[in-house]
Structures are given as structure tokens and as C-alpha cells.
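Heads up, the thing below is written out as C-alpha cells.
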Amino acid sequence: MRNWRYIVYIVVISLAISFPFYAGVHPIHVATTILSLLALALSWDILLRGGQLSLGVSAFFGIGSYTTVLTHLNWEVSPLLSIVLGGLAAGVVALVIGLAVLRLRGLYFAIVTLALTFIFIVIVRNLTDLTGGAIGKLIPSVIFGGDPAMIYWLTLAIAVATIITSEIFQKTRIHFALTSIRNNEIAAKSSGIDIFKYLLFAFVVTAVIQGVVGGVHAQRFAFVSPEESFSLTFTILPLAMCLLGGSFSTLGSVIGAGGLGVLAEYLRLMMPRGHLAIYGLVMVMAILLMPKGIVGTIREQLVRRKTASS
Amino acid sequence: MSVLRIENLTRRFGGLVALSGVNLELRENEILGLIGPNGAGKTTLLNVISGIYLPNSGRIIFDGKDVTESPAHIRCRLGIGRTFQIIQPNQNLNVLENVMVGSLFGQGAGLKEARRKAQEICQFLGLSRIERDITRLTVLEIKKMEMAHALATQPKVLLLDEIMTGLNIDEAREVIELVRKIRDQGMTICVIEHMMRIIKELTDRVLVLDRGEVIAEGLYEEVSNDPRVISAYLGEEE
Amino acid sequence: MLAKLRQRDYQILIAFIIVAAILAFWRPHVLISGLQRGSLYVLIALPVGIIYGILGILNLAHGEFMMLGAFFAFSLVTLTGIDPLIAMLPAFPAMFVVGIVTYRLTIKHVVRAPLNQFLLTFGLAVMLAEMANLIWTTRPRIVWVPYAASSATIGPITFGTFEFVYVAAAAIVLVGMFLFLTRTRAGLAAMAVGQNPRGAKLVGIDVERTYMMIFSACLAVLGPIGALFLIRHAIFPEVGGPFSLRAVSIVAMAGFGNLPGILVWGIGLGLAEAFVRSFRGWGGWADIIFFGMIILVVFYRSYQRRVR
């Protein structure tokens, strides 16, 4: 059983790495998009495991995008380093916001993170000299000279790093802390868990991931603008992916991202406007009909079958 | 020698005075019973001691330190362990893992050490089937798990909030024995309990709360004959 | 829930009155437009606060439902040529039906599970805005009625008079709601349900029905409000988003479940925004005022010694 699992891992990873060798440009492009959405979905889930609903994924994504582009343009930082800086900037914003609101948590946290996206749109629009205002900024050249395979591998690396982060969160004491907090904050406190510390840590780590994904996105399309970089799509799509696949697990987001990512690509072509409605619908349906998502529901069925047979 | 001393503690919820000028002393290695009619403020007192609520005024001295303002998780690490009246075990973890949470964070153990300690404690309490899904536990097992969880934080003082409620007589007797065994390991214990038989059998000393005030304190026999206590329980009007 | 203004609210109220008095001399038009804008916020935030108080659900789609009400009125006006003020009448039952359908299909299944619900209403908000986008496209729509642009001049300042309709509407909704919750059987039952659903059930209140009626009624008032909104504003699918966000922020600033606080904070936000707008070149920043306010409030609340 154990060995099987490793064989599956190795096959999946080698298929993923060798993907650009046998796929055309368009599939590589689609796969890159799906991988970045996967990282967003998974990072969102990591914080949800502590019972915290962040609706600010697109805010950190956009902060990452803008920081990347602006440091690259103004300070001539290399593209890769600028992406790292994008992640750091998102992390710093999360730290400051977290220090202010994570003590109250719950709905306050959800509201403030949702507002964050709109706030940064306003800020970016109004700081015209720095950010190019409503028009945004262009980078003269795309990262890696626009080589889709290289961009794919970079995104793959980030997605894998996110999966590893998620697994670390699942396998260490952090898991015990976050799941206890989600279950009952008062009981968690009384078990000696410093709720604030763990949630702040999880919030900053996930914001960094979201910022890095945003940075890569900006470098990939060589472009930032308030509407594009802070688009609510980057909140809604990952949430729908995670909820569909199943929250509180690594596999859930991976499966949700794979499934919905391919669908999203078709939808984008089939219905150029209004396709977000579908993701909203997916979210609502998942919450109402399948609150554990695909993975959670299947797992539950397996457990039931096992106990029934024994 | 007192482990925990509470001085003149007052706690209000809006206009309601839940605790008013409560003084309490927990002596080392004793079992203190906290009794009183419903709504007397017993659970509120435990919540203030364990740091769930802060008091409006008064002081809490634990082990020579003033912990009045300390947050709950710090008090837990200092050595105030507790169980909850309404238990909400973490269904995402199995029995052993639930207990592990206590040693992981209450005493900062590593995963391996926490697992070993949790196993020890479960064994000590006679809690078997520790890999089990907790939705399939009996009431007794859940109560034991809750105690194990509190013990895993390695407390000096253990606060037990109605752990016998919902148990039958044999089970309650088993838990009484366990509480004694825990005390024999050097712990100081404070129990809230409704069944007077259990209080009589288990405790060294009792403290009676009524409407947020301490109305009597002493040996069970003394207290149970105190007219104020009797009238508090019978609800006589004076 | 309707407890008298808390002491803190009084302090804030007094602070606002002082600010308002200063504004009245210094920048009187700020006072007027702030009051008008703030009333609109109160109009939208108040039902959000009631739904939260009774159902325990923070409805993040409220602005979007208002958008829906406005589009309903718009369609009616363009199809039949009636006055938007008359369109208010059918908009009320129409939105009531929308409320019942929404409650039956979605809200009913997640009552009292705060985060899931919040997520659900977020999903609803997205769906509503995007469906409006599919039906009506993103093109801003306006109706033109002569009285909308009416204005008055007092001394050196000229201001729109139509917007006072928002102030009046806010007052009507506030008083109506207060009377309903304190003077009618249904209202008292609803309050009981909000405080203790299980207890309410025991004394024979139909909790399910109360939830549905309250939710639907709170959406129904958005019909007329949407029609009023339409008269003075261009509407497009995303017009509701900022209102949703401000509404939940006002409810959070007031402290969840504190209805009188919504009035204070709603007007306060309107004044603050109007104040920032009154500086030439700084108007764009008015949209982040609510965020600054909520961060300050949350920061203050989380770092004060929490005895509560």
C-alpha cells in the first residue's frame, strides 16, 4: 500500500515535469494557469483549517503582482528576485493586517480581508505616479523571454512548494493547533495553544504564497492593472476549486483545481462574460450539497464501506 | 500551603453580577468541591480561573504568581488544567490525538514525546481503543478523554467541570477512583458537581456558591447543615 | 439587540455631532451630502443587521440584491414607461418573492453556521452580479426624471434636494422596524427567535417561518430602495458590491447585533466620505475611508482589555 503510493507520486511528478516535452503551447499555457490557481486554492485552504475565512486572495495576489512589476521596473531587480519581493510584500501586508484583526477573528477577519481587495484597487488607482493609475504598467519583456516551458516549470515549482507547505502543515504540530482552533477556540486556548500566534503565522505564510503566484502571473503577462491584477476571479476561482474538491486536505484542492481549471478554460472561450457566475454557482452548490467536497465525500464512503464490511 | 489563591474576585456580565467578591484558596494536594444551585456562578468561576474571562476586579494568584491578566494559554502552560462542562471534542482527531493536543501545547512536547505521554495517560485512565474515531465513543470514554486531555497539559491544579454528569453509578464510581488516583500523583483538584453523594465521597472540603457569592466553606458535614446552604438549595425566601 | 444606545455609542454620537457642527460652519455641503449618503448606507446596512441579529447570518449579497431591485425597477420603467417612484410598489413584493426563493433554496440549509453562511452569501453575491452581467451587460443604465436633479440654494451653497428622500426613507425604515420589533406579535416573536431559537420553538413560535419572513422582508425593502437608488444613480451589475461591503463593515463597526449603532456608524461613514470628497483631487480616496474606520475600530476593540 505504501509503495503503491510512492509509485503514484513518482509517476505524477515525472508526468508533470515532462509535460512541456510532449504538449503543445496552448496546453502548457492552460496547465500553467491551473497550477497557479492550484497554489491559490491550497493556500486559501491552509488558513481555512484554522477556521479563518480569508476573502482576500486576490488582494495578496495583486499586491504580489504590483510589487513584482514595480520593483522590476524601478529598481531593475531581476524577474525572479522581483517575484520573491512580491511574495514578501504580500506577507508584510498580511502581518500588519493580521496584527490588527486576527485577535477578533471570525467575521471581522472575513470582512476585512474581503475589503482589502477593494482597498488596494483604490490605492493603486490613486497613486498614479507610482502605479500607472487605472491604466497600469507594462514590463518591456516577458520573463524567460516568454518561453512557455520555463514559465510552466517555475509555476510547477511554486505549486509543488505549496503542496509541500500544505503537507507540512498537515503533519506537524501546526495541524493539531489549527484543527483545535477550528473546532473550538476556547478549548484550544485552554489546551495551551497560542491561537493568535498560529493564525498569524498561517495567514502570513499563505499570503506569501498568494503574493508569489501573483508575481509570476505579472511577469508572465508582463502587465499589471487594477482590474486585472486585483480581479475577484483570483478569489472566487480558487475558493470554488477548493470547496468543490474538498476543504481541509491537500488532495481536495489539487483535484478541484484540476477539474474546475480545465472547465474554466472552456468556459472562458464559450462565455466570454459572466463566467464567474458559474464559479459562484459551484461554490454555492458545493456548500449546500457537498460540504465535504469530492475528496471528503469519497473518503467518507470508503470509511463507511470499510466499517460495514468489518 | 496554597497553590491557588483568589482574592475578592468580581465578574459582571452587563448588569448581571455573576461573581461578587469571591475568595478562595486551593491547598496543595486537596480535592475541593465547588457546589451551589444552578446559576450560582460555579462555571463562571472556573472560566475566570482558567482565563476564559477576565475578572472585573480582584486577583488570582497561582503558584506565587499573579496571573489575573494572563491569557488562557499561558495559564494552561503554567499549570492550570481544566475540563469543560459541555464537551466539544475535536472530531477531526482520534482519541489519542485529542489527548496529544494537551501535551503538545500545554507542555511544549514534540510530536513523538507527546504521543508517548498521551499513550501513558490513556493507559493510566484505562482508556483503550485510542485510535478510534471519537464519534463512536461511549459517554464514559468521552469523559475520560476529556480528563486525559487536561492531564496531558501536566497541570498542578486540575479543574473538573461536572465530569460525572451523564454517567451511571458504576461509571461514576470508576471516575471517582480515577480522580483519587490523580490526586495521589500530587495534583490539586477542584470539582464542580451536582450529586451530593459524589461530593461527600470525593472531596476533602467544599465551597458553596450562591448567586455569585461564597456562602459557606468547610467540611461537607459542616456545610451541609449550614442553614444558609440549605435555604439556598431549597430556594427559601428569608 | 435593540438595547438602548450603549455608552460607547453615545460617545461616538456626541463626537459625530461635534464634527457635524464644525462641518456645518466650515463645509456645510459636506454635512448635507454626507447625511444623504450616510442615510443610504443605513438603509442598506439596517436590514443586514436585522438578518444577522435574528438569523445569525451576515448577508454579504445585500448590495447585490439592491442592484437586482434597481434593475427590476429599471426594466419596469423602460418597458411600461411608468415613473420610477411608482415602480417602487411592485418592486417590494417582487423582492419579497426573491427573498423567499433565496431562503428556501439556500439560506435555510446553513442557518447558524457563521463562516459557511458568509461564504455562501459571498457565492450568491458573485452569482447575482454575474447573472446581471449576462442579462443586462456591464453598460451603466440610467433613467431620467426631471425631479431627480432638483436642487435648492441656501446662501452660498447649492445642494440636491432629491437625495433627502434617502434620509426620509432611512427614518421610515428605522421607525417602522423599531415599531415592528417592539410593538407587534410577529416582531416580538422574531426577537425571541434571535435571542434563543430553541426556547422560542418551545413556546410555540414557528422558527423556520420567522426566519423566512424576516429574511424575505429585509430583502423586500431593497426593492423600493433599489428604485430610489435608480433615480439618482447609474446602475450596472457591480454597483451593489461597494454597498454590500460597506453594509457588512458598518454592522461590524457597530458591533454585531447592535442595531442603533448601525445608524450612528452609517451616518458617520457618509459624513467622513463626503468630507474627503470635498477636497479637490482627493475624492478618489473616499472609498477607503470605511476600511480605515473598520481597521481602527477592530484594532481598538482587540487591544483593549477584554472583560466583556
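Worth pointing out:
Order of writing sets the labels: A, B and C. Residues in every chain begin at 1.
Criterion: a residue touches a chain if its C-beta (ideal position, glycine included) is under 8 Å from a C-beta of that chain, and two chains touch if they have at least 3 such contacts.
Computed from a predicted model, the values in this text were never measured in an experiment.
Distance from chain B peaks, on a Cα-centroid basis, for C. Chain pair with the most C-beta contact pairs: A-C.
Separating the CA-averaged centres of chain A and chain C is a span of 32 Å. Distance from the chain A centre to the chain B centre is 42 Å, each centre being the mean of its Cα atoms. Those residues of chain C whose C-beta lies close enough to touch chain A in the complex are 58, 60, 106, 109-110, 114-116, 118-120, 122-127, 129-131, 133-134, 137-138, 241-242, 245, 248-249, 252, 256, 284-285, 287-288, 290-291, 294-295, 298-299, 301-303. Within the complex, the chain A residues that touch chain B are 172-173, 176-177, 179-180, 182-184, 186-187, 189-195, 248.
Against chain C, in their complex, chain A makes its touches with residues 51, 53, 55, 97, 100-101, 103-104, 106-108, 110-112, 114-116, 118-119, 122-123, 125-126, 232, 236, 239, 243, 271, 273-277, 279-281, 283-284, 287-288, 291. Chain B meets chain A in the complex at residues 50-52, 71-73, 76-77, 81-82, 84, 88-93, 97, 100-102, 104-108, 110-111, 114, 149, 153.
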